[in-house]
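Across the two complexes that follow, chain A remains constant while its partner is chain B and subsequently chain C.
Take a look at the complex of A and B:
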């Protein structure tokens, strides 16, 4: 198989997943690019670290009372899943329909929301948006439990139109009011008690009680409404159906998907791809799977231009490094620290800064975050006891007769880490560093010996490059 | 309906609930994993806690009437009287309490006042060594049986702590284990092991000869999903903490299904105390339905228990006190539900 095929597959897995090891890439290439796209778009058994194992050895991930434990639980899933697009897309929806622990004081219901993103994230947009509107975490987050027939609260209706679908300029204030009326009565079971507990961060008497949707017919305004030019006795479901038929919605969702999966910046060629994605949206009756199929199979996405055109988000970076290193595959006491690393880099899972989600792209990288990013990845990749690092050492030893020149060491490490495409000056610096100790002899290497440490150091340096920060 | 009986000859009835969650030391529980009873009737509660709240790890002591009586083993750490991941406890005939710790790979012995006496902490897979000690049971002669989970075996020690024997290996056949957890010994010295990931209870003689296996994977009567605890009463009835199914099952001495409990917790004394000074919560709770009908996506026992406060949630351990009352320890609800035979 060619390096071009490996490079293209690595690109797909960085975007549609969290990266892949060389062994995994070779298996994927054997299947063929479009077949892998279909596999990603039709997730089966994720074969992730099982729930029973997690719950036995991590009490906090059984109770799921606090955000830290819940974030660690999701980290395990992202680190060990065999269906990476399912969770990558859940991360996308989590950023778009951003809901945060800080107001809810309920970690479990946030994970239930993430489950909903997994369940419906690839399907019909209207199904997803109805489920999102019924999601109890979203209801408390945007105050729909306070949206009553005789006293509407417009918070959810406004954000639904402004941040979740149409965007400013594509609706009126009257549309917001009518939208809010349609969602009156959409609340959660035992809403008064649960809202009281949430506002007081109460864990008493017997810990949190998770939430579920409840429709209160007596509190729903069933009167006539005019919304985006259509008139009827609309319910929330009807409002969603009208929203997903709007050109602005199609373009908004497709653009956000493009920016998350293809490139931070939309250029002219990107606009053309978004047009194709919008067409797939209409052709498929609003199915996200079809939109993503168009994206991943496009010439734009497969071109060299699209590679390394995104800054890895903190979660992408952390999960990608751990998957590459092969660590945290079994219950490990430090898993909460892994989740916390992403917080230090600016992205706390289940803790987006506001309903607008995170500001992505180059904004991920400031000087403080960059130090955290570099240190974490280098730490994972320079530990010779990590299974992924051991595998790279084995490949280096067996594929090169055991002896590597400094140039070969650098090139092979960069290749097995991605491949990572670095500038000539970066490569030259790495080679100069490797040359200080001459050729590397991995013949008869032993775990942790000097030869292995040289590889580990090179892996740590190679993953500290600017290029490794990009997806 | 939370409880149903297969026969009329055996019935457990709900008695009361003890407990309250807390985020500080003193009164209340933090992810309790096990209970044990001293000769004078005090209830010792093992607060397993979690890594984010290690400072709350401890053994708490209370009375049946929920009088807080003290605590020891506080803080989480490497000291002799501290824990890292404590799992189970048992008293011997001299009122000394033995506590396992699956991360420290040790068994620590305290007197009933909470003073450190001794520890067995050889880590490994040799005779008398541990790799993740979990369940513990002590028979009438003070022989100590310890589930050595990652070594897939049970080890037996005499009353002086000397290694006696062991049995078990990894697998799913008779006398084989897959991450075993709880253990019990009956009045005649027969040993019962909650073979957690094989979804069954195995029964052995006191020297490890396999006698029977009860249960299989599933959610039906007599089936288990990840049983974590087991207890046996003086008539030979077997009580199983069916952890993964969030319930307790009772089997007859021959392994036949007798009764299933889903849980029916009420407010403990401490819970009443809390609500009586937090009136907004008390008032809104009073108009709430805490056993709601749930949407279909929440149809697993774990999800149902997370939304249904009276039900068992994380029923890790079942233990019988000196009067034969059954204590179900719920890790996720921070309480004990108590039942007794009708």
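Take a look at the complex of A and C:
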């Protein structure tokens, strides 16, 4: 098994998942790159922590109406899933069709939306967009419950075109109006009851029970509409069928997928890959799975150009570090703190700042966020009791005859943490740090002894590098 | 000590969870208060009277003393039209000075961008607490968020001082090289150096600090002590931010509210004493706010989410007194059972921005609002 193969697989798993340990990477490499891509694209049983186990230990995750508990619950899932692309892609759709707790005061309905992203996120775009348009959390978030036959509310119709599909400049104000008309009558069951209790119950304004979609024929404007040049008595479903046929939609969705999975910045070679993704979109009748297959199997994605070409988002960084450290694999006090760590770094799950989602790339990082990022990862990786850290120590001890020079220690740590590719000067700084204490002797090492602690400190320092901030 | 001629400082305290205005500045002369609050009220003899109509809760006695010295402005009936009774949404309204749509830039972040347009000082704004309150959030504006000043910075887990010294040295080297010709790597390098610089500077503050004031061991007092330490170290910080709570007293309000205000009032008065001891009372303004008030009628043991509230402005340059009208409790004047706000919170922001920080408030608060007179023009 070559280091080239390991490096490529690590890259794939950082993007299509939340990173992987060396043992996991070796198993993946055995299967072969394209087979792993197919496995990721066809999620089976995620084998994540079962609900009854979680609830037994975490009362705050029992009914999931509150944002903190719900975010921690999703975090558990990301940490333990065997089908990481399913949740990584749910995170992508969560950022694109961004719906936030702030207006809903009900996290359960948001988790239902995330479930929908898991279920339909890899499939046909029109199915996903219809489901998204019927999603109760989305309906309240963008006021479609106030979109009536005789009094249209354009909020959802506008964002559907501007932020969720075509992008600004590819539709007219008239299209927005017609689009809104087509979604009149797409509302919630018990909407009146919910509105009346919203005025009385300030804690759970939209009630404690889960919400459901209801189509009201009598409140739907069935008149003729002209939308993007086509005319007919369009319903919301028809509008979405028209949207997914637009070149602008194909390009918009493929570009956003590219930026989330391949590289923050789109260069000329990136444009070519996006063209191929768009082609797959048409060839597959708008299937996201096909588009991602094209992306992951492309020469661009596999090339050095795409390596470390994305700034890790806070959730990616936190979940990746926890998976690497092997902590929180079972119900653990403090999981809500792990979810909150990502908030401190600027990304609260289920709490995107607005319908635009998060600003990604270098905007993830400011000096305050960087301190949080470095300290959290160093904390996880420098704890010799964490299973993932123990495993790295074991491998260092057995694969190197027990004694490592400072250079060897640095190179092996960087390798087992990724591999993380660092600049010569970064490597030199790490080696200088290690060299103060000379060779490291791991023969007869005991849990928590000085030799192990040296490894742990080095793992903490190696993950505090600039390079580790990138995926 | 002679009062200094320093740049004006703003210290913001957010009371998280919605403070009950009716049990803070108590309309004890109004029988309707007792009608609507059969269970959750303060008795007339407990109240610290301002006049025959209103008085402070006895748990804000230390702030009442500042009031008696004319250093406290109360902004009664503060809020916005069409109030939102969700904590999160309403906080965002106040944070972003934008009630009409979901916005992301914080009003203090925008103010900091005006105060330090080239982001030359990484410590223009400092939050005492974890994470960044949206008030301070603004693209390109660096803010330090300090959980605990004594341990703030990188690698708090490294207990061995020498080990930590070498780790920080390695970090400085690793984030120092600009040879990469890669914009992202360069940006991360600059950010890492800013973080180190901010932490290095901040770490010096506690050591320089001496004071006869002994702050209580609770969170708000410790945060204000940290704010004092940073302020007196003269690091160029202009905006200090901290939060305390939870004031979300749906049940058991009397006990909780008492303890919360004991903490806040004690902390603010200790902080004020510290300002005086260091001659900084003339250039510091304290602003205390909460996202909304609470329902007029109690629910038996607490109060539910309401609308109009009371904000506090405290400082030596403040013209003490009641600003904004105390909202009527009469049924016909209520807003769905809540106090109806009669002055927009952006009037208070405008006053602070224009008359204290010397900034043009319009672009920061998304419009023109009539200032109050708690500060001189």
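What we mean here is this: the second predicted complex is superposed on the first by the 458 of 471 C-alpha atoms of A that agree within 3 Å, B and C clash if a C-alpha of one lies under 4 Å from a C-alpha of the other, contacts with A are read in each partner's own complex, and residues count from 1 in each chain.
The criterion applied here is as follows: a contact is a pair of C-beta atoms (placed from the backbone, for glycine too) under 8 Å apart; a residue touches a chain by one contact, two chains touch by 3 or more.
Note that the structure is a prediction, hence the values are computed from the model and not measured.
Student: Quick one: is A:59 in contact with chain B, with chain C, with both, or with neither? Answer first, second, both or neither.
Tutor: Only chain B is touched by A:59; chain C is not.
Student: In the overlay, answer first, second, both or neither for which of chain B and chain C A:210 touches.
Tutor: Once the two structures are laid over each other on A, A:210 reaches chain B alone.
Student: Identify the partner contact of A:429: answer first if only chain B is touched, second if only chain C is, both if each is, neither if none is.
Tutor: In the superposition, A:429 touches chain C alone.
Student: Could you look at A:154 and tell me whether it touches chain B, chain C, both or neither (first, second, both, neither)?
Tutor: In the superposed model, A:154 contacts neither chain B nor chain C.
Student: Thinking of the overlay built on chain A, is A:221 touched by chain B (first), by chain C (second), by both, or by neither?
Tutor: neither
Student: Per the overlay, which chain contacts more chain A residues, chain B or chain C?
Tutor: C
Student: Taking the superposition on A as described, I'd like to know which of chain B and chain C A:103 touches: first, second, both or neither.
Tutor: A:103 sits against chain C, while chain B stays out of touch.
Student: State which residues of chain A lie in both footprints, the one left by chain B and the one left by chain C.
Tutor: 202-203, 205
Student: Where on chain A is chain B touching in the complex?
Tutor: Within the complex, chain A contacts chain B at residues 51-52, 55-56, 58-60, 62-64, 66, 68-69, 108, 112, 115-116, 119, 189-190, 192-193, 196-197, 200, 202-213, 333, 336.
Student: Flag every residue of chain C that touches chain A in the complex, lowest number first.
Tutor: Interface residues on the chain C side: 85-86, 88-89, 92, 102-104, 122, 127, 130-132, 134, 139, 142-145, 153-158, 163, 166-167, 169-171, 173-177, 179-180, 184-185, 187-189, 191-192, 194-195, 198-199, 250, 295, 304-306, 336.
Student: Show me the residue ranges of chain A that touch chain C in the complex, using the header's touch definition.
Tutor: 67, 101-103, 105, 199, 202-203, 205, 264, 311, 340, 343-344, 346, 351, 353-356, 359, 361-363, 365-368, 370-372, 374-375, 378-379, 382, 423, 425-426, 428-430, 432-433, 436, 457, 460-461, 464-467, 469-470
Student: So in the complex, the part of chain B that touches chain A is made up of which residues?
Tutor: It comes out as residues 19-21, 23, 31, 48-53, 103, 179, 181, 196-197, 225-226, 228, 244, 265, 267-268, 270-271, 274-275, 278, 280-281, 284-285, 287-290, 292, 294-295, 297-298, 302-303, 306-307, 309, 313-314, 331-335.
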